[in-house]
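Quick notes on the structure that follows.
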Amino acid sequence: MKEWRAEKLMPGALIPVGGTARQYKTGGWRSEHPVWDERACKQCFLCWIYCPDGSIKVRDGKVIGIDYDYCKGCGICANECPADAIKMAEGGEPNG
Amino acid sequence: MKEWRAEKLMPGALIPVGGTARQYKTGGWRSEHPVWDERACKQCFLCWIYCPDGSIKVRDGKVIGIDYDYCKGCGICANECPADAIKMAEGGEPNG
Amino acid sequence: MAKLTEKIVAITGNAAVAQAMRQINPDVVAAYPITPQTDIAETFAEFVADGLVDTEYVTVESEHSAMSACVGASAAGARVMTATSSQGLALMWEILYIAAGMRLPITMTNVNRCLSAPINIHCDHSDSMGARDSGWIQIYSENAQEAYDNVIQAIRIAEHKSVLLPVMVNMDGFIVSHSIERVELLDDEVVKRFVGEYKPVYPLLDVENPVTHGPFDGLGGFYFEHKKAQIEAIERSRKVVLDVADEFKRISGREYGCFEPYRLDDAEVALVVLNSAAGTSKCVVDAMREEGYPVGILKLRVFRPFLARELSEALKHLKAVAILERATSPGSFGPLYAEIRSALYDLEARPKMVNLIYGLGGREFRPEHAKEAFGVCLKVAQTKRVEKPLGYLGLKEVEVIS
Amino acid sequence: MAKLTEKIVAITGNAAVAQAMRQINPDVVAAYPITPQTDIAETFAEFVADGLVDTEYVTVESEHSAMSACVGASAAGARVMTATSSQGLALMWEILYIAAGMRLPITMTNVNRCLSAPINIHCDHSDSMGARDSGWIQIYSENAQEAYDNVIQAIRIAEHKSVLLPVMVNMDGFIVSHSIERVELLDDEVVKRFVGEYKPVYPLLDVENPVTHGPFDGLGGFYFEHKKAQIEAIERSRKVVLDVADEFKRISGREYGCFEPYRLDDAEVALVVLNSAAGTSKCVVDAMREEGYPVGILKLRVFRPFLARELSEALKHLKAVAILERATSPGSFGPLYAEIRSALYDLEARPKMVNLIYGLGGREFRPEHAKEAFGVCLKVAQTKRVEKPLGYLGLKEVEVIS
């Protein structure tokens, strides 16, 4: 990614690079955090469908956990999981 | 209907009676007029459904003709009639 | 949520407005949530859910629909309220003119927030200023107390038989809407009696007396005459605003005019301000007066109708005036500046004037900015020359590639 | 429809604009039909269907969508045009600010029509006047020829590297949009060369150089500075408008400035007018000059940016000026009046001024109205007194129950 500083303002507030949202780690917003239980997970992908921030990590076609960099702790995944494989835990930090 | 004259203006252009659109006979807009053929009509009511001005006259559950007071001569009825029971004729006046 | 019984409470501007709405107990509220107004829509929805009001709450899919539903409900004969902000006001812009043209006494709180682009959720006055031709009465509020008081008075102004026009009550987004302040609430009964029962003049729902609202009035008709009648109605509101303020003083002890002069009589230079910047500026006036500077403030409360004659009278003795504006009209001066200059145009001796833009997109307005503004005025008064008629307060120094 | 090859044709204002759009051949047009603009959308759609242009024509479901699609297409890197009127402009109001704030050089024809309520499809200027803070450059056209010429020039103004702002070209609904006039069309090739190829600066579709358009810029950011940059851009357009007009004169022989004085130099009283009323007023000037009256006209072509200094210079020698307005700001004076008074505020000797509202909702503006306006001015000049600062031309005498 090219270097860009806000101090050099572009016309129309244009940012001369793409994908800058990635730099903004919204995980810091959490007051609770989801905990994913690999054994209980039935790989139904409902959490992946419902997560408003694309924070369900997937590899090789399987859910493998939570992306805590961007998960805002809204709890929708825990609410929707039919297998109780995701539970909300206190505090923003997963390893707190 | 109560008498009302535009010369006495009400706040917000309010008209102190209802149903005034009835007084505005839009039939005068026609440059062609539809002619309904009772014998050819299959009473499918497609004309009635399509007419944008409610100008297909109905009595006792049957189409009985055109309301020339309000028909603007758009020709949609003639276009939609599957039985060719409505044809557009020249001139605005049905008895011209 | 418990019903508030305390007379003096610590609440946000949004909560104060929601309390006013609860006490007014309107027949219909149609509103859509938008930052920073959301609290109002949310809190009032709780009041509805808790049965504290009898209001029919219409949850709409946009602000265009919100104002359209308000128009329909008001024409039907209901007492109608709503609240919005920024892009919400912008989206209902088309319908604002329709509400005023149909002479519907809708009352709306607008939580002032800037307009995109760039996207920004913070305070400026571009939203309400952009609606200044819509025919709505516009009232501005310095703080939560004034927002509360203005909303209650707005009902009486809007519904007054000689007015019948919608009223927009403005307060600064976040700065007032989200800050907790000391607010004196009136007793529920007192507010109920003050606003009284709403008796619509030509309600659509009176099926015994059918009427037609919002008809077509084309080329051969009377559109021009109806606009003239609408203009006369907002002219008549000048007196009604003051009469309602008098009556409000009797129930609250709090005094309101169309504008508030602050140490203005013996001032030589002054700022004209709206909304929360007035508070900051008053502090600076007091401090500068201590140092002997002849400074004062004119805080505008009512912007529509515009008090041209009265403002001219109030400002004419000054040597220099800075019109502070939290809005711009790119390619020209700020909206307030042009109208105030116009108001004073015919004076033989006119104060020198500068237009100072501040606080766009929520940029803070600090005491040093008010001080800077007075500094500009004092220099103009001394030199009798305006170097830069248009200036900016609080701009960051950055390189802009444009 | 056959391709026009005649240089001099008899066409409506709408057809003239459609021809300009055909010759400009924009990449994208997103438009929604609305009376009295419909002809433009329809005729241009025929050009697309007939393969006379390469334009991607986006048929949208509303004007809010039309302007949104224009914003997206312009950010993507396309040369974008559209057209609207009245409620259409009102519905896209929110997005107008976004187009300007994002510095997108969209060109739009607005066929001036009044705003509801009451519903009325005829001409006044409330629509474009209500968008005067949106950051768009606004150009007004007296007749079909000027509308055609202005649309072609607008492309160059909007896309100029030092400007990059949207431009709105206005003409009077029905009076110009639907009247057939003599119009000189330029050769297709000449227009093509004049507007040149559009080279977008930061196109979204340039995937090799990714950029982000329309980002959030919150409290700690630079919203204020971006607005300042936008204001500087529209300030720079003052020069660009004149440069483009010079160049346009070379290809057309027709001269344009930011405003047009008509027998103004040696006049003692004058009218300031926009759009088609200028033509009627000029005839009256000629007739009254024959009778020895020192009358003149200032026709404003460019309203945004507002030429405060130049207008002050052009009007300062007059004894009385009537600002004629086809728009109102209920509760205040007309938009033009306040800004022109503001522009002349600092003059030692100022012309007396009156604000005359005319033609709302399409009410005809006839020679006798121009004559009446001059009569008011002459009386003011003679008596040196303004009896009524706000007057109306052509109001019917009716009883209004308000």
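As written, the chains take the letters A, B, C and D, and residue 1 is the first residue of each chain.
FYI, a residue touches a chain if its C-beta (ideal position, glycine included) is under 8 Å from a C-beta of that chain, and two chains touch if they have at least 3 such contacts.
Worth saying up front: this structure is predicted, and the values here are computed from it rather than measured.
The chain with its Cα centre farthest from the Cα centre of chain B is A.
Each chain gets one centre point, the mean of its Cα atoms, and the points for chain B and chain D are 40 Å apart. Work out the mean CA point of chain C and of chain D, and you get 30 Å between them. Chain centres here are Cα averages; for chain A and chain B they lie 60 Å apart. Within chain A, residues 6, 9-13 each touch two or more of the remaining chains. Listed for chain D are residues 101-103, 117-118, 164, 214-215, 217, 221-223, 225-226, 229-230, 233, 398, 400, 402, each touching two or more other chains. Listed by chain label, the pairs that touch are A-C, A-D, B-C, B-D, C-D.
For chain A in complex with chain D, the residues that touch the partner chain are 6, 9-20.
Residue ranges on chain D touching chain A, taken from their complex, read 101-104, 164, 201-202, 209-215, 217, 221-223, 225-226, 229-230, 233. Note for the complex: chain B touches chain D at residues 6-13.
Taken together, the chain D residues at the contact with chain C in this complex read 64, 87, 90-91, 93-94, 97-98, 100-103, 114-122, 126, 129-130, 132-135, 137, 162, 164, 214-219, 221-235, 237, 304-306, 308, 327-333, 335, 337-339, 341-342, 344-346, 350, 352-353, 359-363, 386, 392, 394-396, 398, 400, 402.
Chain C contributes residues 117-118, 398-402 to its touches with chain A in the complex.
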